[in-house]
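Okay, so subunit A shows up in both of these, paired with subunit B first and subunit C after.
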Partner chain A sequence: MASGVGVSPECLEAFQDLKLGHKFKYIIYNLKSDNTEIIVQKKGDVSSSYDDFLADLPEDDIRWAVYDFEFEKDGGKRNKLVFVSWAPDNAKIKKKMVAASSRDALRRALVGIAVEIQGTDYSEVAHESVYDKASRGN
Partner chain B sequence: MPFKSVALYPCNPATTRGQSTKLSSSKDKIVYTNGRTVIIRDLKNPTSVIANAGHVRDATVARISLTGYYCASADAVGNVRVWDIVGEDQVLKAEYKVLSGKVNDLEWDGESKRIIAVGDGREKFGHAFMMETGSSTGEIMGHSKVINAVSIRHQRPFRAATASDDSTIIFHQGVPFKFDKSIKTHTKFVQDVRYALSGDHFASVGSDAKVFLYDGKNGDTIGEFTDNPHTGTVYGVSWSPDSKSLVTSSADRTVKLWDVETKKNITTYTLGTSGLDSQQVGNTWTGGDDIVSIAMNGDLNIFDKRVGDKPSRILHAPSKAITSALPTGTSTFLTGSSDGRILSFNSPEDGYDEVKGTGHATFIVGLKSNATSSGKVYSTAYDDKVKEIDLNGNSFVQASCPTSSQPNSIAVSSDDTVFLTEANGSIEAIKSNQKLFESKLKFNPTSVAAAPTSNIVIVGGEDQKVRLNEWDGKTLKEVGVLQGNKGTVSALAFSPDGKYLAAGDSSGKILLFDVNERKLVTSRWSFHSAKITSLAFSSNSKFCASGSLDTHVYIWNVDSPVKNIGIKNAVPGGVNEVFWLGDGKVVGAGADACARVWEVSF
Partner chain C sequence: MVTYGGDEVSALVLDIGTSTTRAGYAGDDTPKAIIPTCYGYKSATPSDGDVQMEDTPATEGESATEKSKPKVSMYIGNNGPSIWREDMEIAEPVSGSIIEDFAPIPSIISHAFRDIMRCDITEHPVLVTEAAWNTPANRERMAEIMFEEFQVPAFYIANTGVLNAFAAGKGSALVIDIGASTASVTPVVDGFVLRKGLAHSALPKLVHAHAQHLLTTQTATRPGIQLLPHQLIANKQAVDPGTPPRFTLREERVAGTTESYRKYYEAKEVDEWIQSVAGVLEQGWNDQLANQRGARHYEFPTGYNYYFGSERYSVGELFYTHSPSLVNSNPNLPKSIPTLISTSLAACDPDLRQVLMGNVVLTGGGSLFPGFLERLSTELSRHFTHVKIHAPGNPTERRYGGWLGGSILASLGTFHQLWISREEWLEHGKAIVGQRCK
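Moving on, here comes the complex of A and B:
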């Protein structure tokens, strides 16, 4: 079920800049306050760390994020784009409902995502869990 | 890696009433099991300990091969694992399912190639197999009830003797092992049978309190040891390294030394005065000439054969799950276990010591002291008593105070008032063995903590709420509620500076609160997947260690809640208590009765 929430053009522009221009390390998306549109809330600086990214995921509100995940495997450096749907247990139920039904609108608009993470608490978005998922397969 | 394992303080063997406990040895090392864990420890070098928790079910017996390279251990569902003990990581050599029931005993042959495992099963009670391949090397047959022990003659021609609950011993010829004859000397359960290292004789002991000697090659009965015999079930027999003497351990609380040549009793050691605790349920004679006998309560009595009246030393350690613990210095701590014993740990060399005096009868719920450490420790247990322990004398204080129902958590405030939450839903305050206050609460309390620097007492309940109370010396007054936990609040801890409160719950989440401002600091500490059993802050209030039923230990950083260190599978079977020993060392203890120490660095 789609909620009818749209994706603002700036979301895609930011994503292009991250994917092709490598201008950011991550992008945090949020719902506009009137729940009509998904907007970019923050573009993470290239030099920011994974912990900075985690600090931008609030304890009691929903977010989506794209993170340019860099890791080493078999001696070589790899980059994968990780899509995170963040919906912690403590978030309001209505928010979580909207988040679940709007997620697809954003996810389908972004091309080139290699890994998808659903986070409901911090252990699911910890560096090691993401690394586990990203390094699986090729 | 930001943490490394620095020490393991081993548990003692687990004992079962009415059954012999199999101890074994290789040179100065003794081998035994407790729960899923197999322990190999060196009597001459107390810091050399191997703990292997490879079995999925409770391990029952373990023995080291004659070559000293491998250990074979068996469990309650019939699996035998053979693993390397020379290397660091105890590589599994082979694993076989040999019986359908519990394995009671196993033995290596003299060439370290074959193993016979015996115990309970549906179609057979014993199996002889090659260690490398698992293929059968004969048949163990002729018994009609569970087999208790097996022993193999280490020289060719190989022989094997098995002892069973059907009161017979069966003598097998080998290899391949096959039935030779049935020996009907005992009139009750035969508990143990052992071959001498020389191979000339073997001996058997049983529930009829008798000890018999047989010829090693043909199994003929040579005679009975009748000089000053045992008066209770004999559970274990072992030979001296020179094959000239025997030691037997019995439920009549004695350990007897026998001369094989003359069949005379050389020495009788009597242990304890009465009760189950001093029954001797198993023994081994090490290559270093130490005689080790295990008591029902798990104490390992070590005898010197030249000293005739009492053990030369006694190794104490918890033999049942550690249910609570408390640091008492930078390298010492107290442990309480599910059998009601409280022990004090002194140093890695000296190990544990008993806390003297009348203690608790069963399951220790908590051990707590006042944060300013006045030298008084309070304990409570399922025997519904609160006791005080004097650390300087290492003994219980005579007086105790009864609780109105079963306690489930204990806290001690800075003025030495003891707060208890209880199963009937009440909270009690006790000071100097006098009940000061009792109140029935509207919710079921499950945990309690007292602030180290103020008069705040925190109570956590089944309703997932954490309540702040003020204690004025006479009554508790509720002054606030902290919310956010997702399950029964199962563990509470104050930071030593009194600023922070960590609350862990049955869903595995830990919330960090600022007590003065009564607000949530972070809910990011959510990596555990099962009930939080223990929380402990470091002395500088910057780090918090947590232990959980999911067997992991995590160290959290108060200043940057995003960071943590995870010690995975820290305590097999679940963590019951974590605490800090000095700065930078974390101890985890739990279901397998061992205490493990890690050094952590941020």
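Moving on, here comes the complex of A and C:
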């Protein structure tokens, strides 16, 4: 079941720039105010830290994000693209509903995501939990 | 295709449950009409012995059941089964969250939309909710009723499990729904129900039956309690707790009271008792703890009143544990909540289990049972490391979670492209329901 909310072309352009061009560290997506389309809200600078990224996830509103997650495993540096659906418990129920039912449209448009995180509080998107998921497998 | 920019779809949302039917406008936060799904009826010729009609087996031959039920008067809505009428029988069209008897459904829908909400159904798209284990034949029948009998311009049928997960902001979740007749555990992954992991049982009915047994059976300290509805009582006098009640029956009504009416009301009295005093211990069963909790006072319509002690907790305990003697005496016992959850998880991919346990959504009116949420979290954290239960604090959100999710979804302008329109129905027929509403 889906909401029929669309994905704006800039979402994909930004994603390609991140994936292939490594121009950004992360991208924050949001719903357009009239709930018809998903748009890019912020492109995180390459030099930004994980905490900067977390600061862009509001306490009471929904977001989606792609983060270029870098970590070390077996002595080597790895990169994985992490997709985060952010829907904190105290977001408005309408927002949560729209977010959950529209998520699939965005997720399917983004090719090359290795890890998916569904976050409702900051502990679920903390660096350790993401690292746990990313470092599992290869 | 026409795209709607705004949210002015003015769709209607309909959620038919075992106990109540909820109907209202999409975009609202509570249903406008909440009426009992049960209805009263008097048969055309009550003397010809054809009074066993509520026992019509739930067969798939819908047209056959329709013909076998010649009802002259039906009493629907808030003034339906709740009012005493001579020779009125009461029937339940929905059992286990599935519509078993479609004959009265159009009347119930019409009552909710036309009589209560005073709106013209032919002008509004209608979103209907269904249980995850609903049959394809059933949902097609629902579409047929909507398009053919009510002439709706558009229709959609959505799964309550998915709606509840979405309303919690989750694409993937383990939805635990405690209804009036069914407890279900539905794994939802990326917006779709994982059918193999679906588990449900008639657990609330077992709890109810146990409570009824408990109340009507004599104990060392009190006699068995008579479950009479206030409709059959002329007057009563105040008596001390635990002493026999002093009341007079409305004798003129007793003879005209049918068996199904009596049963419906006994169940109602038990329900009220459960909702008022029953609970479940947060940390698991413990005789001492149950006794330490204060006794609660409850008065029945007969005037009989009593302080109920630890027995009120034994009722709720049935949600979580079944004693070996009970299991042995009844091989078809409904599965308890922990069993339902483990059955469901066992059928899911191991990688998914962690995601599901981190996103448990508790919903349904039955989950408002005192101590239920705390007990669930105790039970789950015993077996899993990272458990997070999402349970709306607002009782309306919990009771009408499915309806509310449908209300938001149907109010979206962008959702318009997903409705099954009247034209599509006329062109493709029943097949479109299964294709569109996945």
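Structure notes:
Note that in this section the second predicted complex is superposed on the first by the 138 of 138 C-alpha atoms of A that agree within 3 Å, B and C clash if a C-alpha of one lies under 4 Å from a C-alpha of the other, contacts with A are read in each partner's own complex, and residues count from 1 in each chain.
The criterion applied here is as follows: a contact is a pair of C-beta atoms (placed from the backbone, for glycine too) under 8 Å apart; a residue touches a chain by one contact, two chains touch by 3 or more.
Computed from a predicted structure; not experimentally measured.
Partners subunit B and subunit C, once the complexes are superposed on subunit A, both fit on it without clashing. The angle formed at subunit A by the C-alpha centres of subunit B and subunit C is 70 degrees to the nearest 10. Contact with subunit B, but none with subunit C, is seen for A:E59 once the two complexes are overlaid on the shared chain. Looking at the shared chain after the overlay, A:D74 reaches neither subunit B nor subunit C. More subunit A residues lie in contact with C than with the other chain of the pair subunit B and subunit C.
Of the two partner chains placed around the shared chain by superposition, subunit B is the only one that A:D51 touches, whereas subunit C remains out of contact.
In the superposition on chain A, contact of A:A126 is made with subunit B only, not with subunit C. Contacts of A:D89 after superposition: both subunit B and subunit C are touched.
The superposed three-chain arrangement places the nearest Cα atoms of subunit B and subunit C 8 Å from each other. Subunit A uses residues 88-89, 121 to touch subunit B in one structure and subunit C in the other. Residues 1-6, 34-36, 62, 85, 87-89, 91, 93-101, 103-104, 107, 118, 120-121, 124 of subunit A are the ones that touch subunit C when the two sit in their complex. Per the touch definition, subunit A reaches subunit B in the complex via residues 51, 54-55, 59-60, 88-90, 121-123, 126.
Contact residues on subunit C toward subunit A in their complex (touch as defined above): 5-7, 29, 158-159, 162, 165-172, 190-192, 355, 358-359, 388, 390, 397, 404-405, 408-409, 412-418, 437-438. The touching residues of subunit B, counted against subunit A in their complex, run 484, 486, 509, 522-527, 529, 560, 562-563.
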